[in-house]
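Look at the two complexes coming up: subunit A is in both, with subunit B in one and subunit C in the other.
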Partner chain A sequence: MSVLVLRNGEAADVRKIPSLSVTDFRRVVLEEVARGSRIAAFFGRPDHERMRLVAVLANAAEATLSLCSAEVGDAYPSLTPDCPQAHWFEREIQEQWGVRPEGHPWLKPIRFHRPYRGGSVGEVLPGATDFFRVEGEEVHEVAVGPVHAGIIEPGHFRFQCHGEKVFHLEISLGYQHRGAERALAGGPGKRSIPIVETVAGDTTIGHALAYAEALEGLGRTRVSARAQALRGIALELERLANHAGDVGALANDVGYLPTAAYCGRIRGDFLNLTALLCGNRFGRGFVRPGGVGFDLEPARASQLLERLQRALEDVRVAVNLLWDTSSVMARFEGTGEVSRQTCEELGLVGPAARASGVERDARQDFPAGIFRFAHIPVSTCDSGDVYARAYVRWLEIQRSVAFIRDQVASLPSGETLVKTAPPGPDRICVSLVEGWRGEICHVATTDEAGRFAAYKIVDPSFHNWIGLAMALRGQQISDFPLCNKSFNLSYCGHDL
Partner chain B sequence: MRWGIQAALGMLLAPLLLGVITRTKAFFAGRCGAPLLQPYYDLAKLLGKGAVYSRTTSWVFRAGPVVGLAAMLMALAFMPAGGAVSPFAFAGDMLFVAGLLGLTRFFTILAALDTGSAFEGMGASREAQFSALAEPALLLGLAVLAKQSGELSLSGVMQGISASSWGVVGPELVLVSAALLIVFLTENARIPVDDPNTHLELTMIHEVMVLDHGGPDFAFILYGSAIKLWILGTLLVGLLVPVRTGNAWIDGGAFAGGMLALSVTTGVIESTMARLRLVRVPHLLVGAIALSTLALILVLR
Partner chain C sequence: MWNELLARIRQGHRTTDFPRSVPAMPDRFRGRPIIEAGKCVEGCRECAEVCPTGAIVVGGGVKLDLGRCLFCTECTNACPRGAIRFGQDHRLAASAREDLMVTGEAPTLAKALDEEARRLFGRSLKLRQVSAGGCNACEADVNVLNTVVFDLGRFGIQFVASPRHADGLLITGPVTANMKLALQKTYEAVPTPKIVIAVGACAISGGPYADHPEALNGASSSIPVDLYVPGCPPHPLTILDGLLRMLGQIPTSDLR
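Entry: the complex of A and B
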């Protein structure tokens, strides 16, 4: 066997991951990708003074995760020229461990921090790098950020423009790098959950769920059906709040007032439902390893259903206004198109991928928890433009509400929280969760004492930022904010 | 002294129009909205601040807001309103007023370019492009009115347009009004051309050019834009509400009602439609030119 095959949330002995030669490793990864797998995670980890590259390949058709590894020196032949979706991962590996992917076409830092090993590098400043330039008399460069107008996170964008037309957009991040992965190493401990919950504040439930499922996999803890259902409800509530907010923000970016104003309020209504569940609008403290921190009694359950119904009615009116207003559709349609082929080659995830017609949804492809028993239809659209990304969100809003209704109506009985067994020694577990932005991947590896030797987090934004850059090619620079909002990626989730 | 009052009222009430527009939009958004007098509070706040100047800018940057406001105030003095003639008038002053609008824009653009910022250069380029298309629509529209009234001063034109004119050349006046409404929205950076509320520099036209101005300079710019809104509004209302009874109270009241209705209409337009894609804006403006031209052909016929 050249790969170790796991299910989502299943743990295995870390030594069972096949160690291949670099040549075989490349061959296996490329073969798997050619077979339809996608790189869910690809990272380096130190292994007895040497570096080991580990690839997690997700095969949606078989619902399997294939792991393989290779020991490398200071350099190895890059995968990116043959497999574009590896490009961001390889840049990360180079930045973190100083292992050089030879032949990588665009090898630059992604987060601008000191390497994890072999120090003696001078000061590393965010954004201090060579940016791609288009030369020519009529070409001009526009630099935006890292400080933006409005309340958003910091990120730097460089446009190479010809008049109003964008030739190329380069995105430079790293301003939010906090060292979340490094802070998790040595866990699990009391600090682990707060760190995971704040990897991306708007995806608190998503990341906490991925963490909890990884930890339960490592310790073989069985979570009650009731807790699983409640987690599903919280995950979908998070999706509802963010999707409603995004649709409103899209309306705002084209200057369409009614939907912008109402969706901003309705997002709050959905957030308040999460608060009804656990007392926190963003779901902090709800998901806990072993179950959930709060139960949902019948009185609150009926209140939740009633308020959910009202919010859905409101959002339906607000969103339908968008589709019925031709001036809005004129802005949405044909703006920021990402082709299905680009989407598959770059391994985009979440609503961004589904808007290009790719049926990719971890809830269906790699079901865990409640999603093994209750299925949410995958919402897709074909045009790949801003309209498609907005419409997919609207479809998902309706389907998530239906799901929550079903789940609340038939909540199984049982304990909400069981004690988790400590993680076994030398184990690895991969957990995938479909957060509202897309696939969240956590890879937990333990050492011989059962502590986290390494904890790898791949936020959907990590896959999708390049998708935004592609969407802007040949577009109007004035449409950038609209495209950006239609992806609505996380800066801190990427920067970790 | 009656002719001086309306210019003074214009100077006093112009920011109120912005307050009414904002309030209308707030109503559509289901909010209470800012106080009607908020634009005045903003101006007072800005006037109380100090100004910061980048070392890369020259005197042009500082001259921009002053020249802009001065030109707008001068243009205001040529605008007849509410049936009254303007403080100043001469044959051909309509071109002079259009020229003053152009001068304001010219200095705003120069001041924007003076900062050397990519954003402001982009805004300046957009402003220059769109105003080059808005100006012919305005001038052709004015030409229709001049031909119709046989006068070459704005005061004469406005005296010449009465309720009975609508019976004679109604279709032409409808066309000119539509063209002037588009010019009104474009020149004042309103939706569907520009979004005065956006915080997104890359999408802005007018707002992005004044990003680097602060304090009293910015107050001058805001006040200048309010006056511009008033001037173009006066023109449009003078055309659409041609109450010329000779009674100052009736004429003035009709004018005030017209301005209020225009502000509310602007708010409603902003609340019920999205912005045009930037590349589509010229289509709208060329449409305005076509409307004006058609009206001109009709009155020359």
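Entry: the complex of A and C
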């Protein structure tokens, strides 16, 4: 066998991952991608004195995760020229471990930190890199960030423009790098949960769930049906709050203030439902390995349903104003188009991919927990523009509400929290969760003592930042805020 | 147009009348911790041992540093006697770092700025927000103050797009090494006199990222801080309460 096949959340002996030659590794990855798999994770990890590359290839049609690995020296032939979706992963591998993907067309840092191994290098300064430049007398460059005009996270954007028209946008991140992933190694420990809950704070439930499912897989802990349902409810509440907020923010960026004002408030109504569940608007403390930290008693459940219904009615009125307003539609339609082919080639995920007609949703493709029993129809749109990204969110709002209603109505009885077994030694587990931005992938590996030898996090933003850059091609620079909001990616989730 | 008018009527008036009254918090909301050291078992250190950020010190009573606290319930779950629990009080902000220590005594809340500063900022405070490693939860609940629910503008407080238009900074995140220079430059670009507000456990102490080589244990590591707003993230009302107390818009004696 050239790959180890796993299911979402299933653990295996890490030594069973086939160790291939670099040539075979490249061939296997390219063949898997050619037959419809997508790179969910691709990373380096130290293996005794050498480095090992590990690829996790997600096949949606078969609901399988195929793992393979190869031992490498200081360089190997890059996959990116044959498989563009590897591009960001290979830049990360070079930055973290100093393993050079030769022939990579775009090799530069993604987070600007010192490498994890090798001799000392000089000071690493964020944004200090050669930006792609378009030459020509009438071409000019616009630089934005890292500190932005609004209340948002930092990042640097470099536009190559001809007049108003953007030829190319380069996105340079790393300002939010806090060492989250590195600090998880050696765990699980006291700070593991606070760190995964703040990998991307607006995705607290999503990342905590991916972590919990990985840990439960490693220790073979069985979580009660009740806890699984409650986790699903919390995950969908998180989606509701963020989607409602995003639709409002899109309205704001085209100057349509009614929907902006209403949705800004309704987003808070959804966050307050999460607070009803666990006391914190972002779901801190709710998902715990072994289950959930808080139960949903009948009185609380009926209050949840009642407030959910009111919020749905409010958001319905607010969002439908958009589709009925021609000045809004004129700005949404045809802006920031990303083709289906681009989505497939770059491996985009989440609402951004679904808005380009790609039926990709980890809840359907790699179901875990409650999603093995309750299915949420995948919402897609075809046009790939800002309108499609807004409309997919609206479809998902309606479907998430329906899902929560069903779950609350048929909540199984049982324990909310069971004690987790410690992770077994030398094991690997991949967990995928469809967060509101898209697929969250955690890959946990343990050492011979059952501690995390490495903990790999792939936030959906890791896949999707390049999608935003592609959406801006040929657009007016004044449409950047609108396009940016239509993706609404995480800086800290990317920077880790 | 009719649809817009109907929608407007339907959405109604949503602004709270805070600070005249305080909206009810959810029953599971974790506000100011309450310590009853009298209940402690001699030699027990359970709460301190499970705390992910070392916020609790046991010895001569129990002290909890709100600047480090993530409000995560590990301590309350671990305590065998119920000597530590989270109350419903949303008022947590303080003007001095040492005032964030919860001991069981009456809390010292944020003080109003001096008379001259209040004359300058009391009715118009323009802030520049800098996220320096924040996870977007603090940012989101600062942003929410601009919605119709809290309507920050009615207090004369506004977030502006340039440090040169600002009277001060509101900082979130542990201050990553990669943001240190940008934060310094932003601070220097704000005209003097200026104020600095640190929001969230990360910006006060580094939070879960304390002592990481990639981050700097909060804003006060590089610039002076005038107001600390604890939480992970703080509730929007906690942030608003801190801002209004600093501006003297809630009297210090008012414990609502």
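We take it that the second predicted complex is superposed on the first by the 496 of 496 C-alpha atoms of A that agree within 3 Å, B and C clash if a C-alpha of one lies under 4 Å from a C-alpha of the other, contacts with A are read in each partner's own complex, and residues count from 1 in each chain.
Basically, contacts are C-beta pairs under 8 Å (C-beta built on N, C-alpha and C of every residue); 3 or more make two chains touch, one makes a residue touch a chain.
Quantities reported herein were computed from a predicted structural model and do not represent experimental measurements.
Partners subunit B and subunit C, once the complexes are superposed on subunit A, both fit on it without clashing.
Rounded in steps of 10, the angle subunit B-subunit A-subunit C defined by Cα centres in the superposition reads 60°. Between subunit B and subunit C, C contacts the larger number of subunit A residues.
Look at A:R331: by the touch rule set out above, it reaches subunit B but stays clear of subunit C. When the two complexes are overlaid on their common chain A, residue A:A261 makes contact with subunit B and with subunit C alike. In the superposed model, A:V139 makes contact with neither subunit B nor subunit C.
By the document's definition of touching, of the two partners only subunit B reaches A:S478; subunit C does not.
In the superposed model, A:F282 lies in contact with subunit C only, and not with subunit B. In the superposition on chain A, A:G201 contacts subunit C only, with no contact to subunit B.
By the touch criterion stated above, A:A60 is placed in contact with neither subunit B nor subunit C. In the superposition on chain A, A:A149 makes contact with both subunit B and subunit C. The least CA distance from subunit B to subunit C in the superposed model is 5 Å. Taken together, the two structures place residues 149-150, 258, 261-262, 265 of subunit A in contact with subunit B in one case and with subunit C in the other.
Residue ranges on subunit C touching subunit A, taken from their complex, read 3-4, 6-8, 10-11, 14, 26-30, 50-53, 70-74, 86, 128-144, 146-149, 159, 161-163, 173-174, 176-179, 182, 186, 202, 207-209, 212-215, 232-233, 235.
Of all residues in subunit B, only 25, 28-31, 118-119, 121-122, 125-126, 191-192, 195, 197-203, 270-280 touch subunit A in the complex they form. Partner subunit C is touched in their complex by these residues of subunit A: 111-113, 126, 146-147, 149-154, 174-180, 182-183, 190-191, 193-195, 198-202, 204, 258, 261-262, 264-265, 267-268, 272, 275-282, 284-285, 293-294, 314, 317-318, 320-321, 324, 490-492. Contact residues on subunit A toward subunit B in their complex (touch as defined above): 140-144, 149-150, 163-164, 251, 253-258, 260-262, 265, 325, 327-328, 330-331, 335, 476-482.
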